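For reference, chains read A, B, C and D in written order, and residue numbers begin at 1 within each chain.
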């Protein structure tokens, strides 16, 4: 933590900063510049300290954090790549895993048709929403427990592990009974009660990036999951909110190398929610793999025209099959496989 | 809903749109332009329909929503201003109410000192957090139930109603036992389970704007509360996330007239979280009142230097007293009082 | 400038940073933390240095700037408020000046009608565009030199100084012949050739904030004007680009206290371009004055329905007259007058 | 253009809209819904019309544009892909062209070393800035005409065509004497005088996306170039401004498929300015090619540690050579070559 004093700050103002730092157990070094005094506050946990603690003191101009606020998710904490184990599959290894399926579980027929189709095309994990976060209370809200049952049946019949979203602390144990991977949605990235509850299950968890969260906040949210002893965590870039209006969200492809550089956690990409339109999904999916994504999660619906949610961004099984072929080539071009 | 067909769309593609609309019970009118066909889909509930339903059909170029997606929160649904009743006070009337107090309840002494100070300066409602949403798991998380007890004691001793945040569905009934107003925080604006649970309590609720939510999404989230039969709802602008980095969030003062024009719900303003720094709070607070805010919520701490959270944006009691004086003048200049 | 070395950086990497800093004439102080070495680089011009100079060196993790990149526009450089003199008027004093008039000069009749109307309502300066920056080449581009002639006539007949935009270095001397204040538009805030050319005229200049510029970049752009020896400069907040879509731009009211705190330059506000709709202009205008704006620039058109540009955000003369009355009350409530 | 009247709008308000549309030569169709009247305004040029023209009329609630505001840049205007010809090279064909070189021309030695290095690694075009847009007036501003002379020498000696930025209308003819491709920088995307001047040269021009411009605004700006009869235009995605702070700009990879779908113009990508850091450039470059970019522009400096600008985002020649090898594989995986 670097505290810059105001030009002409009084000696006892500087001393106030020094004493506060020492009272918290940190080392302090003074830098007496020609115009300004700068106080360096050093110690291994300064990243977890709020800058406010010093900024509020008299005579202080600004406070800059040197260490990052996340800890357990950082490469400094753990240098080696984490690999998440899901029913014999590995997220974060050389193979790029593809999770696919419908946005929402609508019926047994719809789910089974989607499950067989994505399996045939080469997907490794089945996605499908039972509890759906919908912006309007007048929209379809998902089948709930019945949707979970259908997912479990699909796993058994088709043989793919399942990933599904959990939205509420009260549903965590229920969803954990059924799901192989618990998904925390973008709107819940900073629902800290939920993060703690999912962390406690020790189940593989996918943490989507909040739609206006910085990478730093995202990795700090991952610390909630990790601090409960759960190390089976991976991230998912799904686009951020910007001013651009031809896509639903702006897929932030740069976050992929940033996460790989600063964190040991694997990172997946969701091109469907970013694009918001099926015609844009393939380009974004290929970009994500080229940039180094460890997994993809893609919406596929047997008949997008009648989908109860997100039909526009869903691929048909035949579009998905074509995309998988293209993705295999891109994965190989960057030294991986699907 | 206005569906624009692609240039050269086939007649049966146009027909597909028409049939889909009719099957949903809507009226359809065709506009045959020189280059493009435009299909107008009319009916009183098209606002609650997803545009995807038509955008996914073959031959469709774009779909524009004419009606707004929110309904119960709209002025079209209810023309007259809603007034929220809190222990004899009214939010949304001529008087601008000021809610003030510490970010977090830290101890009995701290809370009582803050409560007496804000009451003396003219605040009408005491704020204080018992459950705190913190970006890092290593930060102070609030006193929980003990904090609620202290708030109840402060209400009794000092005589101010209390507002406090509820973060989780599992805590709704507990918080509702103590709080006069339930606050839904920015990070939970689209925590739909929580909205439903708070809506069911029928208690006065303040819905903060999500940090990257449009006004339209905010009013649609209010529909969740209202659809549970709770009409004691008001909104709170608290700044949005932008690229600007000299403030914590950009206070979107324009949302105040936009909400007043499109909704019957009262609107409060939180200058403290937007500013992120005590020196900027007064200007933003005055701006909010001048723009038409019905209430303010301001962080005041007896000793910001030792605050466990958000000290930097907290006013001291004497700063707050000075601000209240200024705010009274501004309120009168726009025909209101405090 | 604070350089944080990577954990485990080699001594000669640290030395590389030290030598680079010394070679540029700066003082260096080493902070040897338990885990990381931090190098403080001190000197009065480190604000004008790019952080890249150090970030590119081996072993460096991050570089944080302590001093601000703007210099001449800063309060540290000049503590006392600047006042801009325009034909006997003063921008930055106790009086809040109102500049008003049509978006574009369209005809003699239109301009004269607008000029008399805004004068009667109490405006001090006439605005009107002769050269118009239009997003599409198929839109009305302004009357050019003829528009300037009409503005000069209006000044003579009505007796108000004029402000008008200059868009191109080739037009600077032409526009400077006519205008009392040269306006640099938002889209040109970082058109550095233009800033230099306008700076050289030594004429009063209003620098609008770029639509996605931080306050820091804005003040750094002002340094271009000031570095040419022109101290007759004031700023204008006109809304920033965000995700919100119910207004044209989000008026960043918080920038007003931020600028006043960090700069000696006066600051105006343009509620018209931010709002994009006449119904929202009054609330934003009042908010700007309450927050401390030194001037306002407001679009007024005798008949907005037939305006060739920006009709929707223009006030009618009678709306403007009403608003001026309200603004006088708000100005007085914050100890100023109009 | 679709005009939605307010609920309960009077018949003569509807008539006002109809008459205004007819007076502008458009066809009108009325849609009388159960609650609201909707007026469809049809004609081939409604995209170039401002929505304000109708929004300002009494009784109007909202106006939605159906047609896009850009025309000449659209696929509807020209279905076939444009290919830009540069000295026997083609941008927009099957080959992905790589433009590379230093941010700024600093000296003959630096430029020649860079030019030979990028040529050897397989780049087709040499980049280098002679006029530099710098945010601070105290930064290195480029060598100007001398830089252009050096670029011309490099072209002759090394045999690569050159691309360089033109910042000001007064320099257009000078820069056009030397450059094979005129670059319009992000900060000048809406410098309409400059667009017109460059358009008139009929020289190949690369239009960078403004840092807060929507794709729609970008294509509308391209209309300025095209409307001067210049069809040798291509675009360049270089990242947009968002709240994310671990990169300089957020590379909007989704804009690549959006542009390809809506426009016939080729699109390049600039990973260097988006990333802001050399370590992130390769991932973004590969993503751009996988998403369908027709060209790349990459900063390479013989010795980034002593670069006068943008050293941090510059690759060394050996890093660039490695990246070119990787890019060839990615290009082939999507059916193209470099």
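One rule holds in what follows: a contact is a pair of C-beta atoms (placed from the backbone, for glycine too) under 8 Å apart; a residue touches a chain by one contact, two chains touch by 3 or more.
Keep in mind the model is a prediction, meaning the values are calculated, not measured.
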Those chains which touch chain D and also touch chain B: A, C
Of all other chains, the one whose Cα centre sits farthest from chain B: D
Inter-centroid spacing, chain D versus chain A (mean Cα positions, whole Å): 30
Centre distance in Å when chain A and chain C are each reduced to the mean of their C-alpha atoms: 38
Cα-centroid distance, chain C relative to chain D, in whole angstrom: 26
Set of chain A residues in contact with two or more other chains: 212, 241-243, 245
Footprint of chain D on chain A - complex, ascending: 212, 214-216, 239-240, 242-247, 250-258, 260-262, 274-275, 279-280, 282-284, 286-292, 326, 329-330, 332-334
Residue ranges of chain A touching chain C (in the complex, touch as defined): 2, 4, 7, 27, 29, 31, 33-36, 38, 40, 42-44, 62, 64, 66-67, 76, 241-243, 245
In the complex, chain D residues that touch chain C: 45, 48, 50-53, 55-57, 69-71, 133-139, 141, 167-170, 187-188, 190-196, 211-212, 217, 220-221, 223-224, 227, 241, 277-278, 304-305, 307, 309-313
